[in-house]
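There are two complexes below, and they share chain A, which is joined by chain B in the first and by chain C in the second.
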Partner chain A sequence: MSNTREPFEPDDATLGLLEAEEVEGISVEPVTQWDLFWTRLRRHRLAMLSAGFLVAVAFVVLIAPWITCPAGDQYQFCGRPLEHFAEQLKDDGGRLYVNIAPRGDFLFGTDELARDVMSRVIHGGRASLLVGLLTGAIVAGLGTVVGALAGYYPGPIDQSLMRFTDLVLGLPLIPVAIVVGRLLPELVFLPEWMRRGVWGISFLLGFLLWGTLARIVRAEFLSLREKEFVEAARAAGANDRRIIFRHILPNAISPIIVQTTLIVGTAIIVEAALSFLGFGVRPPIPTWGGMAAEGAGVAPRGYWWELVFAASSLIMTVLAVNYIGDGLRDALDPTQTIERK
Partner chain B sequence: MTPPLLEVNDLRTYFATEEGVVRAVENVSFTMERGERRGVVGESGSGKSVTAMSVMRLIEPPAGEIVTGEILFNGVNLLAMSEDQMQEVRGGQIAMIFQDPMTALNPVYTIGDQLVETILLHQPVRRREAREIATQALVDVQIPSATQRLDDYPHQFSGGMRQRVMIAMGLSCNPELLIADEPTTALDVTTQAQILDLMLKLAEERGTAVMLITHDLGVVAGFCDTVQVMYAGTIVERGSANEIYYDPQHPYTWGLLSSMTRLDQAQRQRLHSVKGAPPSLINLPRGCRFRPRCDFAIDICGKALPALRQSGGALQESACHRAAELDLASLDAAKLAEERVR
Partner chain C sequence: MLAYIVRRLVYGAVTLLALSLVVFFLIQAGGGSPLDRLRGNPRLTPLIPVLTEHFGLDKPALQQYLTWLRNFVSVDTFSIDDASAVLAIGGAIAFTAVLWVVVVERSWWRSARAFTILLIWVGALWYAKGRITFALNWSQSFRGDGPVWDLIFGAVGATFRLGAAALLLALIIGIPLGIYQAIRQYSFFDQLGTTFSFATFSTPIFIIGVGLQLIMALYLERWTGVKVFYVAGMTSTDYTDLGAAAQIGDVFQHLTLPAISIALISIAQYSRFQRASMLEVMHSDYLRTAKAKGLPRRRVIVKHALRNALIPIVTLVSLDIAGIIGGAIITESIFGWPGIGRLYIGAIGAVDYPVIMAVVMSIGIAIVVMNIVADILYGVLDPRVRYE
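Up next is the complex of A and B:
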């Protein structure tokens, strides 16, 4: 074997690079924190996969009115006119369209009331995602404000806010949610949209779940408020509001994003648990938890599909949300070494 | 007669701690004229920074509190101002440069954003004009390709460059007083002089008075017109830089000066040091606060706290009972150090 090397002859592409480099000198495109964040997030395969899955779920859920039966609770499957209602309830063998196993025209089968399970799963996704996002938004708002005020103003404000937070964190989640969820439809002073459906449950879960985020934000503020750039901002004439929201909050945004994402997953699970127990979103609005409960009722008789499809949708969605949370945490933590997942 | 730029009368700033009340600044009075360069020197914990923070009213209760005193800025008492009025003063008429440029800039904003924010807070200009002012401010502090660097984040700057940005920020609103709290301590020795030169040149062009807080006596000698030496929360000596350097009247000043290494010092010669450590600001010694560490203490020093009295040069004042009788300038500190060891 010879040790001689081919003389280096740059091809056109290399030449182009070399020229470009000469024109640019040694200046390098600045890499911002966001660039780094995106690079790291993109390398987190599970998180990207989960994000893709959730986007697909969200898309299907958004176009639900066009691809499913209205509200998913009609006693028929899609595409058949309502006037033939009575005829359609019976299939070829004279049986009702109840508890039909998955097949070509009912991909997920039908339930005991002859409802299309796929339509209901999709509509149930609407409720679950909405509860998750609404609860996340409420938690992000409440937890951030409480934590920021407590962390920025030491003394009585901090003490009273954090003792209140301790109180909320001390409440047992499921029992309190059951009691309030049970009472919710009867609280006549609330508007109708709050008493039934996803809004009431979201507010309830939001008010029960903000405690952890408040503690995290407070801890961030406690350490950030002592930083010199905060003092420099004060010395430059910035007022408290400006310091809290413009100078400290952006520095504390990473844990807020991560924790809020995880809360979205928790909210979806807790809502499903409540609906399973019959205290969440009320029928006939379909939810994954409620469908799982119904499915569990008929599963012993061999009608497994409602339970399986509702439960697996729930599990996959929550898993996806949690993986995104993991990915965000890894991507937002600059001290962590990049690791392929 | 126009009032002096800054007049501090009988300032006391205390901090409440678990162990007791820390008297960080006690009975401090001084004045500064327009355009003056004042050096404030002293050990860590001597009250230099707390004095500056008190002037900016950046002492935060409940931890610390300005107990008594008056801080007249252009004849107006800053301590009587509302927080809103004070926010106008901070960054507008009085600007401050901090010790560590690595942490004094907010990491999540570009330096352009931060400069523009400061300018918008204090000047009635639009965002675009503010950006032009910001660019000019960066040009003034000799940052190359200022327009592009405006969109860079703090982590893309070196320490010296960041301190230049801080200076640009401090001077962007043409303050009348610039307080620089150890602005070069965190920097490389080679960039220290550049930064100080630049800061003081720019301040002079704008007629800005500078209060330079430092423990580096060399810096003070090179850059300041007047000096005040602080010890345990009080001013122990003040005067023009020349007076203080060539004819120190207070044993503490003398101790500080003679503990500096000198180029003309003989090899292997013992370096003078001020013996002991600064007193706890909670349990201050009776009488003169420097007495336990003083080589020249006599009976009266343990009984009465000396007041500032004229001694030495025309502008010089010293808080020492024996200022008049001691001739510190002619003492050989090195010999004293040798003797002390024996």
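Up next is the complex of A and C:
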């Protein structure tokens, strides 16, 4: 494979790589697609910045159990349902810890139920990020399989799969998601964590959002399956499974990655919208969307911190995801010249 | 062309059938009964068995679905109050037929014909609206709010006002923004527009709505003492007492904020799309030719680039209808807007099947019809596209 590459015009980034190798006196190594991808991605400053931000968010969210509950267990914050032990909730002056504006011991303030907003924002991040990633995984799996089968096997398989995809894409997202979201807690045969929590919503969103990716993958497969290298693989005796997974899929991976990244952001936003309408992840499990929805109700009374911190975390995270998607799109597209962002 | 439209309509009908099946059985599976709210009141409890039988709620789900489906497509009332309406519809049909067969070998003819037909039909239906009584048998609301047909048509007007305002706003801001960004690629303004688009894509619509309420209404009034925008309802309570000019002003004061909340995300989408489309055209060979033969820059951009770059947006707008309606559902509950979104949320809470189904089906029909219209328009605008 390495010797059959087409001659290419090195652009700035490639030249940079080549020169660096020469300066150290090492023979010029072949520049792989992977090197090109990395060089291009590193050029996209906003994407790199976003990646850094997301890593930081993921780190904070992962160590949440060790860094929340700042004032000991007596407040029972930690995103768990609050036991109404009013005695425990009073400060030294006998006042309840309710709707406290941000201050030293409560950096993000407290909410109507005396819960520490910062703890809840961190735990909410866990739920929201999990919704995004799970939905992305489901969409990537479903969309790739359906699109690959439809694109590789023309005729009845393609026709029936694409008609089904059209049907799913024809469903109006929000109204249908509301109906399913209402249904989820009632599905008694499912375990509790699936019905009320993050998993149920992720499955719901995953099953509603895979259509676009399936179409993209199908289009890629349709064109790739006619290429010479597929013919060569078939002549060499490769079976369908090997051709699909080892020969075509790696060449169709770029749009899958980009679309999945965008779905992660979409899922977080749609979950927030559903939470606002009361059909998302159910309280007391905090999500950024749910917290912002609760905060939206009390913000007009002046308790802005209950809205602002959750909302801005959500917006900044989704923004970072979208910038990474943009960076990946630029980096994975071999025809594109490097743009400065 | 006609065969194409018929085929699309058949596909659309199948999609709608699937949609109705999915939603109906999801609601059934969700449990709860529209009559549950009567249980708390001992005086109303005896009514439950009576109403259960009256609404057919004791029947198997499939039978309930079939009953609903039969009712949904059957005509309840149809009477012609004024014969001139029939003339108007007949005239529209005749005019369409005549225009259809007339052949004019001019580049503008296909577009002009399509828009004329569209205008004639809008006018004819508008004229017939008050003169022909027509209703489908969409049965009664389980909450006792009256016939579902009337409920839907009472609410559709409100949602249409909101959606149309949002769409108009998105078009007149989003498209010029995208064009300007493409002409001045990588300028400061372009970067600003891109940042705005990304930020808007990343914000849930309810946060935009609530933010607008807080900043543009609550804080603005607190700081300046002037009430510029209202945050709830379509009109003020004393709307009917106002003069004509004051009425228009009142409508705008109520409409602006919810329309902006829906429009912002569409503005972002349209400007991104228009920018990409314009850039693609700007890098095309025929544009290089136009520049090379020395045409003034303005003429190159307006006559050669813009005309071609505007075509793809038709598809985007039609796909965006679903997004605008979805946004309207959320925005209506923030701004207390009496449209189908609020009707829907209320009906979901009360397990009011007929209303839920009617709203979902209306949205589905709107999306299917808009997609077909967009495809036809695309064919009209781009002569390379021919539907077989």
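Convention: the second predicted complex is superposed on the first by the 293 of 341 C-alpha atoms of A that agree within 3 Å, B and C clash if a C-alpha of one lies under 4 Å from a C-alpha of the other, contacts with A are read in each partner's own complex, and residues count from 1 in each chain.
What we mean here is this: a residue touches a chain if its C-beta (ideal position, glycine included) is under 8 Å from a C-beta of that chain, and two chains touch if they have at least 3 such contacts.
If you're wondering where the values come from, they're calculated on a predicted model, not measured in any experiment.
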item: Fit or clash between chain C and chain B when superposed on chain A; value: fit
item: Touched partner set for A:A101, first chain B, second chain C, both or neither; value: neither
item: Contacts of A:P300 with chain B and chain C, given as first, second, both or neither; value: second
item: Which superposed partner A:L62 touches (first chain B, second chain C, both, neither); value: neither
item: Comparing the two partners chain B and chain C, which touches a greater set of residues in chain A; value: C
item: First, second, both or neither for A:L183, with chain B first and chain C second; value: second
item: Partner chain in contact with A:L319 - chain B first, chain C second, else both or neither; value: second
item: Contacts of A:P175 with chain B and chain C, given as first, second, both or neither; value: second
item: Least Cα gap, in Å, left between chain B and chain C after the two complexes are fitted on chain A; value: 14
item: Shared chain A surface residues [contacts with chain B and with chain C]; value: none
item: Interfacial residue positions of chain A with respect to chain C in the complex; value: 166-167, 170-176, 178-180, 182-183, 186-187, 265, 269, 272-273, 276-277, 289, 292-293, 296, 299-300, 304, 307, 311, 314-316, 318-319, 321-323, 326, 339-340
item: Interface residues, chain A side, partner chain B - complex; value: 30, 32-33, 154-155, 227-229, 231-239, 246-247, 250-251
item: Residues of chain B defined as touching chain A within the complex; value: 56, 58, 62, 83-84, 87-92, 95-96, 98-100, 103-109, 117-118, 121-122, 151-153, 156, 166, 169
item: Residues on chain C engaged by chain A in the complex (per definition of touch); value: 11, 14-15, 18-19, 22-23, 26-27, 29-32, 186, 198-199, 201-207, 210, 213-214, 218, 322, 325-326, 329-330, 333-334, 344-345, 348, 356, 359-360, 363-364, 367-368
